[in-house]
Amino acid sequence: MAVAREAEPVSSLTEIKEAGLDREDLLGIYRHMLLTRGIEERGHILYKQGKIPGSFYTGRGNEAASVGIATAMGPEDVGTPLHRDMGVHIVRGVEPWRIFAQFMGRADGPTKGKDGNVHMADDRLGLIAMVSHLPAMLPVAVGCALAFRIREEKRVALTWFGEGASARGDTHEGMNLAGVRRLPVVFICDNNQWAYSTPTHLEYACEHIADRAKAYGFEGVVVDGTDVLAVYREAKAAIEKARDGGGPTLIECLTLRMEGHAVHDDASYVPKEMFEEWAKRDPLERYRTWLRENAEFTDEEEDEIRSQVKKLLNDAVQRADESPDPDVDTLLDGVYATPEDLDTPHHK
Amino acid sequence: MAVKTYLQAISDGLRSEMQRDKRVFIIGEDVGVYGGAFKVTQGFQEEFGAWRVIDAPLSETAIVGGCTGAAMMGMRPVAEMQFADFISCAWDHLVTVAAKQRYRAGTPVPITVRLPSGGGFSGGPFHSQNPESSFAHIPGLKVVCPATPADAKGLLIEAIQDPNPVLYFEHKHLYRRIKDEVPEERYTVPFGEARMHREGDDISLVTWGAMVYTADEAAQKLEGEGISVEILDLRTLAPWDKEAVLRSVEKTSKALVLHEDTLTGGFGAEIAATIGEEAFESLDAPVRRIAAPDTPVPFSPPLEKAFIPQVEDVVAGLKELAEY
Amino acid sequence: MAVAREAEPVSSLTEIKEAGLDREDLLGIYRHMLLTRGIEERGHILYKQGKIPGSFYTGRGNEAASVGIATAMGPEDVGTPLHRDMGVHIVRGVEPWRIFAQFMGRADGPTKGKDGNVHMADDRLGLIAMVSHLPAMLPVAVGCALAFRIREEKRVALTWFGEGASARGDTHEGMNLAGVRRLPVVFICDNNQWAYSTPTHLEYACEHIADRAKAYGFEGVVVDGTDVLAVYREAKAAIEKARDGGGPTLIECLTLRMEGHAVHDDASYVPKEMFEEWAKRDPLERYRTWLRENAEFTDEEEDEIRSQVKKLLNDAVQRADESPDPDVDTLLDGVYATPEDLDTPHHK
Amino acid sequence: MAVKTYLQAISDGLRSEMQRDKRVFIIGEDVGVYGGAFKVTQGFQEEFGAWRVIDAPLSETAIVGGCTGAAMMGMRPVAEMQFADFISCAWDHLVTVAAKQRYRAGTPVPITVRLPSGGGFSGGPFHSQNPESSFAHIPGLKVVCPATPADAKGLLIEAIQDPNPVLYFEHKHLYRRIKDEVPEERYTVPFGEARMHREGDDISLVTWGAMVYTADEAAQKLEGEGISVEILDLRTLAPWDKEAVLRSVEKTSKALVLHEDTLTGGFGAEIAATIGEEAFESLDAPVRRIAAPDTPVPFSPPLEKAFIPQVEDVVAGLKELAEY
């Protein structure tokens, strides 16, 4: 017995125009999804080349969800994306070469080699760098929303968590505070059906994670996370509701994690048929088909976007590789902030 | 200058910062309508409204995590733990997010967590602890332990304006027992500067918080016996004033470190180890540590008295050193 | 829109007999409720006499809930009662003088002066001593249930939490694990409408705490916590369901905390009318009336019980007061357990 | 005797205890079907079933709190943290419940928490930490940090049979790198007894975990220069073998304490302070501490190398001491 609403797919160009996207936006979304996947594919190659230290995680299969949500964010909104949400960084405009530099632990990565992987963010783009501990950024995002509420700003905080992380107390405390105070925050569950090797029925015992929204006094919605436009439409509605004082929403994006937990994991515990089934719903392919069927997407347009993205990635990898390792003298830098660090518009 | 209790000084400092700086807000359990378990924020909600004096759900993680997010958005949150003991429920958010975000990602987290700590009134194992040592070990956090009303105010204002996560331990046993002059105007006390509580020549006694008064009584007792004790009140543990301690030890050539937290792995070990390492040639006796024994804080009054270092214990330790 | 079932009152002697209680049990319940209240009233007096160090908490208004639940427990079941649940200790059979000794910090209290208040339990009676941190004992109880499940024992763990404590992550993690693994545990929310000075709408934003059970895949029920027999019936059903492999239940007992949070608190933040309204539903008075109307409870019987309880309390206070303070030499004892400590049937 | 990796020794020890004692079970994230992030429990679920090798939800609090309850009911739970870093999420349950229940209420809590810890492979700030010092300060907990395969097995079995909560830190950098002889049969290594890793006359080097090997390399280098270093591997921090350390220092009259955790307030301070206090008259030089600097663990290889104490750092520290 599901409690949360289950979202319908977007049927037509008209519908999505009403939700706020014109044709250029639609092509932009395609470009962002392609870039998201491309960055992670290149990352994988770099990893195999021994250029990425440590481990390496991707969000393959989650491109529609991450790009769809981020596209719905307003310029002043903030977010705390996780390790499957590269698309959020892309949509918010981080330069790809900086991401590769981050992967490689170089001085020009957003964390300057202090942290790795997608443990990064550019706060000038309204993003906050994740920590490993899941989902510690969720209460942090609730705190951002609290600040907006105190200052009566019309801004919204977005925060992501996996269906595995839904089991942690942080999820509960954050959602509960947000519900009690009707804070402008949107919770996004990246439900990719696996938490490392753990299947959903060992992580939660209700039908949908989104069903839990009711326990906190707000609405939940389940959306097909391979359908970028449906994700966009639901996110847009939830964000604007929050902006207008309507309180939080929990959006659950259903996908499948199309690779192992990280690069070392062959995911042999995932039934083959599951991969096969979800491969048919590849978010890029699916969106490409939609564009062709509903928005007269041409071969020429597609080729152009593809070659732009390819060039961008080639240049980015090269530029990142030219970035030096961080100077060892920076080891001790920045443990504590200085008053000048607060010299930003935020902190006046 | 007006004489105020330690508690009133904290309350005044907080109120004046909230009046001066709209970014400052307070969040905690029962801080609003009730004015806080110890009444530090009494009357604040009337003055500042329910969105700047926020009654939180019973959720230490959401409180500290929420403050972290609000701080990143430009606020200056002050979280109140109902008792310092409950900060264990927000340990992860402090050590994982707040402490590391600046180093990892360049994002400052200017939050203050107020922690009513310490024993002496049969609070038992969960309302009496002094968990400052645990936090002083975590790079990225600052740890403050005022002993006097004037420092309580000045250090609180400094904590709020500091661009880092600050754990502000206010000792419950000083709240109403300790009164002293407190300037009316706004002032700050810098972190990392010990306060010379009492000058002396024979032994350096390094301490903080409520133990400053225990140390003082012990020093007074020994005065008659011709033993002159210098007392340094560290005031902050992270950062701590190594220079002042070493300077004092170089003068006296003997040192005793005293704290109310338990002994093994307590912050006194850091101080003693540092003295041993950096003032080795000046030392005429081993650096002594006096602290609570390695047990939880017991409830029953005679047990608690035996647990918390008493004036006699300090007197004995000092005498031993003097005779060494 | 409530999700949880709302329990009806018990209508007749026949009904309660079917639920497993004969007339003698019914009088026993009355006696236990009287004793529970009496202990806390005496404690209050001792506190005013300066004989109780530290603070002092009572569960006035919660006697029906605590006694009703505990009466439904089987002899091998275990529980982690909290600071409003004196009735659980009483029903399980702790000797009252030991409780007074505990309050006074004496050597004969169950914690031997190491801890105070109702931070105590006699584990031979199947109870585990609470810590202050709320509701840390909830995941502990889930762990007890896990042990029962692993060993395939037909035992049940019961655990209590306040509606304030429902906001903590421990509540969530514990319930989630119990739901996922269908463990034999019954969760009891003592919803007394205040968490210290904080009202329910600042602690949670759903209608009933019991509604949350659905989020964990099990059932919730709201019961009038001033009605000892309804509480008993619901607890009995939930416990036997758990024992039979049916998984957890969340029972929410609605009451009002009839005094301040602790002895120092005059509860001036609670509207007077609220106290007045709930005073009319005093659990003891209510049950006494039920017994008179449904079980031919006589004046003589009542007098006898009352005088028994009075004598028991008088003796208990006196005996407790004769208990010495703990020897200061015990300060360092027992930080670590020894192998002999495990020399119990449990640990073979 | 069979030669085994450190990891295999842990796995073997755990398996044999589970075979011997039905009360032992393991719970953690991905320990079942997957065999654990580091494959310590590979094949266990097939052998022992899904109720003794339990794939837990992503819930460190429920895992540790749950183990506490199961232990009280007579089980011998072994919790696996996926990385030691995530124990911060269960801090409250360890320090509040497990550590204090015996003292307060007489209830033993025989649980073992396995903690894959330590850096050296670009794990970054959250997959490289050595949080043992934080726990060694909490009365009621025991803390174990094996360095050799044989100790890894013997200390794990001892941890499981110990009637107290034990934090068992297994160093990830030793998992597959370190191989040595491990007895086939069941045996235990007692807590609180240091292992003499290398005898020497000039300087006592006290350390544990992966740093034992760093220390060893440094000692070998200095051998040629005529400096004889004695290396004590503490093996357990709570309790720690004070007597062995003092005995060694009395012989050598110089001491260096080395650890991978950060310096300030690290457990090295306790050891240095104790040596300074109790072996004062034997010391011919200040007790030196070498540890990671007070920062989070950086990700990039050159930064991480600069962070973790290296052989050269130890060589330099030892030389300084030798020349003192």
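Residue numbering begins at 1 within each chain, and the chains themselves are lettered A, B, C and D in the order written.
Note that in this section a contact is a pair of C-beta atoms (placed from the backbone, for glycine too) under 8 Å apart; a residue touches a chain by one contact, two chains touch by 3 or more.
Everything numeric in this text was worked out from a predicted model, so none of it was measured.
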Which of B-C and A-B has more C-beta pairs touching across its chains: A-B
Furthest chain, CA centroid comparison against chain C: A
Whole-Å gap between the CA centroids of chain A and chain C: 45
Gap in Å, rounded to a whole number, between the CA centres of chain C and chain B: 37
For chain C paired with chain D, centre-to-centre distance based on mean C-alpha positions, whole Å: 41
Shared-contact residues (touching 2 or more other chains) in chain D: 56-57, 59, 61-62, 85, 88-89, 92, 96, 100, 103-104, 125-126, 139-140, 294-296
Touching two or more other chains - residues of chain C: 111, 114-115, 119, 131-133, 167-170, 173, 176-177, 180, 202-204, 335
Interface residues, chain C side, partner chain B - complex: 53-55, 105-106, 111, 113-117, 119, 131-134, 162, 164-169, 195-198, 202-204, 269, 325-326, 328, 330-332, 335
Touching residues (chain side chain B, partner chain D) in the complex: 85, 88-89, 91-92, 95-96, 99-100, 103-104, 125-126, 133-134, 136-137, 139-140, 238, 262, 264-270, 272-278, 280, 283, 285-289, 294-296
Residue ranges of chain B in contact with chain A within the complex: 23, 25, 27, 51-52, 54, 56-57, 59, 61-62, 64-75, 77, 92-93, 96-97, 100-110, 139-140, 142, 163-164
Residue numbers on chain B that touch chain C, as the complex places them: 29-30, 33-34, 37, 55-62, 82-83, 85-86, 88-89, 121-127, 293-296, 298-303, 306-307
Contact set on chain A toward chain B in their complex: 78, 110-112, 114-115, 119-121, 123, 128-129, 131-133, 136-151, 157, 169-170, 173-174, 176-177, 180-181, 334-339, 341-342, 344-348
